[in-house]
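Same chain, two partners: chain A is paired with chain B first, then with chain C.
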Partner chain A sequence: MKTEVLVIGAGTAGLTAAVRLAQAGVKVVVVATGAGSLGLAPGTLDLLGYAPQVVEDPLGTLPEFVSDLPEHPYARVGVQHVRPALEWFQTAVADLGYQGDLERNRLLPTALGALRPSALVPESMAAGEVGPGTRILIASLRGFRDFFPQLVAANLAAASRGLDVRSLEVEWSGDPSDLAPQRLWRQLEQPGVRRLLAASLRSGLDGAAAVGLPAILGRDQSGDVRRDLEDQIGRPIFEIPTLPPSLPGLRLFDLLKGALRRAGGRLVLGESATGFKAGGGEVVAVTASQPPRVEEYQAGTFVLATGGVGAGGIEVTPARQAREPIFDLPLAGVPRDPQDWFGSDYFAEQPFDRAGVRVDRSMRPLDPDGEVIYNNLYVVGAELAGAQPWREKSGEGISVVTAVRAADAILEAAR
Partner chain B sequence: MTEQPETELLVIGGGSTGAGVAWDAARRGLRVTLVDRGDLATGTTGRFHGLLHSGGRYVVKDPDSARECASENRILRRIAADCIEDTGGFFVTTPIDDPAYADRFLAGCAVADMPVAEVPVSEALRQEPLLNPRISRAFAVEDAAIDAWKTVWACVRGAAAYGARILPYHEVLGIRVERDAVVGATLRNSLSGAEVEVRAQCIVNAAGAWTGQIAKMAGCHVGVVPGKGVMVAMNHRLVNTVVNRCTMPGDGDIIVPIRTVCVIGTTDVPVEDPDQIAPTQAEVAEMMEAGEALVPGFSRARALRTWAGARPLFPKGDASGKVQDTRDVTRSHSVIKHGQVDGVGHLISITGGKFTTFRLMAEDAVDAVCAELELDSACTTAEVPLPDSEGHHFYWLGARQESMEERVHDDAVICECELVTQGDLLSAAARRPEQQLDDLRRGLRLGMGPCQGGFCSYRAAGLLHHDNYYDRGQANQALGSFAQERWKGQQTVLWGQQLRQARLDTWIFQGILDLEHIPA
Partner chain C sequence: MTGVEVSPVEWVRGSLDQCVKCTICESACPVMEVTGLFLGPKTVGPQAERFRTGGHSPDHSVDYCSGCGICTRVCPQGVRIAEINSRAKAQLRVEHGGRLRDQLIARPEVMGRLARPVAPLFNWAMSNQLLRAVGQRMVGIHRLAPVPRATTRTLQYRLQRRRPRRPTTRRVVYFHGCSTNYFEPRVGLATIAVLEHNGFQVEVPRQGCCGLPLQSNGLYPAARDYIRRLTSQLSKPDLAGLDVIATSTSCGLMVKREAIEILGVEDRSLEDLASRTYDIFEFLRARHDAGELRTDFVEVPLTVAYHAPCQQQNQQIGKPVLDILSLVPGLKLVELDRGCCGIAGTYGTKVEKYDIAMRVGAPLFGDISEVQPDLVLCDSETCRWQISHGTGVASVHPVEILYKAYGGR
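Here is the complex of A and B:
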């Protein structure tokens, strides 16, 4: 198969780069082993949450943050590109109604009752930013095993003095298999089921001004399920992201896929990129396999968005050799002695955490001497060196910002 | 300072030996109190690979131990069937083993009265397709996999039915000696911090690798050498039979299928402190490499977790405990009557030995106790089934699945890897509300499968808070320490798919739940 740009990986970074390019008229194919990482994403757009203290103004904090961490993806991209990238992304997935202010993190409840700082939040979660003086209700369905309203409420009350939080467990019939997340999402799309839920919520409101529910309110991104419930109970409702499969993440996946298709791009899932061919200092093709077939993808430009260690984009052998398995790109930030990779404190930063591919300001991979390895290969997202997205709460921000930067660099190079 | 009612026999150590002593002594009519500083079976008993020895490992090097193992193996199969999966075992001569050893092995089995049958290599390979195809000989033996936790709790429930008092989380602070005999001990309840005095007519020191530390409290010396042994659990049963290399006992020469995983072990290194035994990367690499001889490709299979146990090695006849190579120390046990040896009466230490011979160790210890107290009684534990083993049915791997299928419409599965349900968790918590989440993990195997508690630890903490077993702080703390414990076990096996899984868990707990910023 031959195309203009081949993107490897269908997570946030891969799809964002693909959509940006396709909307600019470029022929794009996205190839991915699995269904991408969006089923694991909480669905908020986290720019920078902790550095390491909680960050109030993420955009304002970035210049100091990147000067302390010159290897960080935000440093490589350049702080000036952050706002335009995120504003474009908001419009690309407008149906989800991302809102917020890049200069003010919102503190939203997690499924444990911690308060996580996010820069942009989808409309389905916006009412979750509550302050003192409001009573809120955290509710769930009895038997839904991935959400515990009592624990969430207890922790929220402890986190935020002056916050009045109650919890409610709505009686819900059905055996345990009926309460599997995917089934609940579908059931709540039925008006009759929603009426039952609304009735129970109304009678359990107890003066609450807003109601938080686990993110199970219908698979599609329209928000109709939530708005209907809000109408019936007369209160704003906010979703709280749960353990995977994350519904807000999947809605984002659906939107990005749709945007890619409408712009003429192609998505091929279930094909694992395993190797490549080079010629004249450039990548000429990527080989992908769906055994027993082997497919060769030829393109003028390639984007690697394979998601780092957690997604198989970086592999580590039992002998502790870390490698990038498709292009064998050199990895930065790998401590030389494997004994030093991990410490004994789970909650501390681990020396291996920031390992990944090092890039130039256009997102092209560099060798240890700082030379660009291939002029037509770009690397984006969690595959990059220098970040700890789960601690910083920067995962989606890094994915979007680096993907847009790479797409723009590709467009510039083409001109 | 509170007082416990006076007891006749205080047993220090809630591992297999202590539990066996409590069971035996309670059946002989003694009033027993059993104490352990932590939950039961958290010392060496909770940290070995689960092998019920046929005796084959010792037939050449340590014939006394081999004979004891063979005899106790038969007895435990009779009295503890519910705790045992009858996997059978193979001893195989691999390309790196001396072929001449096999004949010495056969001769040794005859002397030890240990059942053995040579099988054609093709038959061994048919039964175990992943076994090294280049083995030259194979012998079938009566090795099995035994659930140590279940066995200990069965003994203890049996003892309690005869009136024994079982006190986990009670650490011994001191032993009281008056007029050349022990009269009791001072304990600290490690959950509440309260100190407790208990008066006892006799004390059995069954503290395993910590026997020396306890004996010291009574002014006695027991030269136990802790022998560190590293194990690695793999993410599925690469073999369904215990497989051993047919060679002199060495490192990493046994693979034991146990429940849903298999375990390779082990090393043998003398250490100072039985509480400081974390596996090193070099030791783990050694185990992974050692597995290649039995199962080619082993070093590339997925390792779940690694840990170490401290064997209580006691060189017979050498109270100083100085050894060059801990592999040379006998594995049979010793009963030390401190009245005779140290002039401190009514104190018996029982040390050395192995899990397989715990019942016999207990019998010898309680015989010594009865002699000390001038009581006439005989041991009956070899004939009487432990609680839940009365039906004489061996455990089989599908038991949990079968039971779960019956309840699938009423009871939610919270741990998919190990098929633990909500009902299982809450009844376990109801039975013993003081348990930490880590203790529940041990008993239910919650989070012990490939995901290592990624999802189920969150569900368990939430459920226990919901049902008021934990308050908010305890639930948060349980989740945090569960994550920390799991990390400790995974640290040295973080490569391949296990590293990827760990990164996913970190993404969930820190990235999505923001666990590290939960309010204190």
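Here is the complex of A and C:
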């Protein structure tokens, strides 16, 4: 197959780069082993949540944060590129109505009732930010296995002084298999089913000013399901992301996919890139070996967005050897002695977390001497060295900002 | 890499160890969304497979898997979920037997042969609601399920009477499949005309069924016989090494991959055939990329909506139909982006599964109603029939539009 830009990976970073390029008129093909991990993600856009204490002003904290970490992706991109990238992203997925600002993290409840800092949140979660003295109701359907309102309410009350949290389990008829999240999100798209839920919620309100529900309110991105329930109970409703499958993340995946399609891009899932061909300091083609043939994807430019260890972007052998499997790019930040990869305290900083590919300011991979390896290869997202996204709560921010930076560098190079 | 030789079938089963239980397959499964009777690809696949020791299968809900293959395609860990589930379904058949109906609907070639001499009678019977109600009760085929129209003049029959073209050195083999031969010869005629227009000499050997419907109904031994026979028919000595072009996208995938990975047919000539089999638009796009496709198109002033069916997307070739048809002047081409239409070959024709199939297809039907196209384009015949049944909009194979664009009528 021939295209102008080939993106490898269908997570937040890969799809964002692809949408940005396709909207600029570039012919883009995305290949990926499978759907990216957005279906496991809460659907928020976290820029910087912890450094290491809770960050109140993520954008304002960034310059100081990266001054100590010159290898961090935000440092590589340049802090000045963060705001424009995230603002563009909000418009690219406008249907989800991302709210918030980059100067103030919002604290929103998780499925365990903890409060998690996020910069931008989908409209469906926004009402979850409530002030002290407010009474809220956390409700779910009895038998729904991925969300326990009493647990959420108890932990939330403990985590947030002055919040008055009640819980409610709505009786729900039907077979236990009907309580699978994917059954519920489709059923709640029917008005009759919503009327049943709304009636139970109304009678259990108990003076609550807002109602938190597990994020199962319709897979469609328009928010119609939630708004109809809000109208029926006369209270704002906020979704709380559940254990996977996580609907807010899936909605974001659906939207990015749709934006790519509308811009003329192609998505090929089920295709694992396994190798490449180079010539004259450039990548010429990427090979993929889904039977029956070895397919060659020829392109002018390549974007690597295959993620970190969990997604297979970095392979680790049982003997603790780490490598990037497609281009065999050198990895930076891997502690020399495998004994030093991980600390003994699970929740402490793990040195291996920062392992990844080092890039220049355009997101092109660098060799250990700091030289660009291939002129037309760009690396974005969790594959990059220098960050600890799980501890920092910076994963989506890094993915979006580096993807937009790479896309813009590709467009600049084409000019 | 250990250097140990692993057969494709062992490799398919072994892939379950890659499953991290992430649920991405279950968030994409179109059947699980609409019925509690199917417990989901992860549960009946990689999870239940661990309990299928000694050939015993603990789980009956796998029978409700439609076999669309979306789970395998979206799995980020490369687990062959749909393939594992297909094999589990076949094991259920071995242990518990199946309905006679499945033996019948899984043999389109037999059905086509029987219907051919009495095509008008067959077509009348299939449109008679009283007879269909009897058929539902006695055979188990839903009375509303879409059924194709038979013809007395099959593709092979028409080709016998065709004037031979001037031979060229660029020869290809056309694998038309049962449906094109017995029900939609126009697809075959359009394909041959399109290929000839581009300078190919099209060889159309006599050919039988690939065995796909038998495979998806869990009837593996018979399916293996069919694919072996087809392999020898398409690999006759005078056709050796030629590219093989398929217009039935699911049958193409059967030859390319599924017969080897699911049925476990180990046969060098099948592997050779698989490696040179192409979907028609995959083949045409490669010609276009090489600058060899003729683009002497006439205007086709139509609005068409394209649905890429599951078995086409499972070939990892992108959407070559859009790449090629976007070259046609005057054609307004709308890309539909929904998963499955529901029919999944014979699944949606069964009395106990018809409603599930219609609920699976509902979002796609809704999108089509919004677009209000003149025609729906789709590479798979059973999906075309289901889409027309669900929307009332006529549907054709995309090659028929290309044929029009080359001035065909």
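We take it that the second predicted complex is superposed on the first by the 415 of 415 C-alpha atoms of A that agree within 3 Å, B and C clash if a C-alpha of one lies under 4 Å from a C-alpha of the other, contacts with A are read in each partner's own complex, and residues count from 1 in each chain.
The definition used in the following text is that a residue touches a chain if its C-beta (ideal position, glycine included) is under 8 Å from a C-beta of that chain, and two chains touch if they have at least 3 such contacts.
Note that the coordinates shown come from a computational prediction; the quantities given were computed from them, not determined experimentally.
Trainee: Quick check on the chain A-based superposition: chain B and chain C, clash or fit?
Mentor: fit
Trainee: Touching A:Leu112 in the superposition: chain B (first), chain C (second), both, neither?
Mentor: Touch status of A:Leu112: first partner only.
Trainee: Examine A:Met1 and indicate which partner it touches, taking first as chain B and second as chain C; both and neither are also allowed.
Mentor: second
Trainee: For A:Leu151, is the partner it touches chain B (first), chain C (second), both, or none of the two (neither)?
Mentor: Only chain B is touched by A:Leu151; chain C is not.
Trainee: For A:Lys257, is the partner it touches chain B (first), chain C (second), both, or none of the two (neither)?
Mentor: second
Trainee: Of chain B and chain C, which one contacts the greater number of residues in chain A?
Mentor: Looking at chain A, the partner in contact with more of its residues is B.
Trainee: Quick test of understanding: once the structures are aligned on A, what is the angle at the Cα centre of chain A formed with chain B and chain C, as a multiple of 10 degrees?
Mentor: 90
Trainee: Which partner chains sit in contact with A:Thr91 here, chain B, chain C, both or neither? Use first/second/both/neither.
Mentor: Once the two structures are laid over each other on A, A:Thr91 reaches no partner at all.
Trainee: State whether A:Phe342 touches chain B only (first), chain C only (second), both chains, or neither.
Mentor: First partner only.
Trainee: Scan A:Pro244 for contacts with chain B and chain C and give back first, second, both or neither.
Mentor: After superposing on A, A:Pro244 lies in contact with both chain B and chain C.
Trainee: After superposition on the shared chain, which partner residues are touched by A:Asp175: those of chain B (first), chain C (second), both, or neither?
Mentor: Both: A:Asp175 reaches chain B and chain C.
Trainee: Just chain B (first), just chain C (second), both, or neither: which does A:Gln290 touch?
Mentor: So A:Gln290 only meets chain C here.
Trainee: Using only C-alpha atoms, work out how near chain B sits to chain C after the chain A superposition, in angstrom.
Mentor: Minimum C-alpha separation, chain B to chain C, in the superposed model is 6 Å.
Trainee: By the touch definition above, which chain A residues appear in both interfaces, chain B in one complex and chain C in the other?
Mentor: 40, 175-177, 244, 311-312
Trainee: Quick one: which bits of chain A touch chain C in the complex? Just the residue numbers, please.
Mentor: 1-2, 29, 31-37, 39-40, 174-178, 180, 182-183, 185-186, 244-245, 250, 257-258, 261, 266, 268-272, 288, 290-293, 295, 311-312
Trainee: Residues of chain C touching chain A in their complex?
Mentor: My answer: residues 8, 22-24, 26-29, 32-34, 36-37, 39-40, 72-78, 256-257, 260-261, 271, 274-275, 277, 285, 289, 313-314, 316-319, 335, 337.
Trainee: If we count contacts the way the header does, which residues on chain B are in touch with chain A in the complex?
Mentor: Answer in residue numbers: 281, 285, 288, 299-300, 303, 408-414, 422, 455, 458-459, 461-463, 465-466, 472, 475-476, 479-480, 483-484, 486-488, 491, 494-496, 499-500, 503-504, 506-508, 510-520.
Trainee: In their complex, what parts of chain A are in touch with chain B?
Mentor: My answer: residues 40, 42, 50, 54, 110-116, 143, 145-148, 150-151, 154-155, 158-159, 175-177, 179, 241, 243-244, 246, 308-312, 315-320, 338-339, 341-342, 344-347, 389-391, 393, 395.
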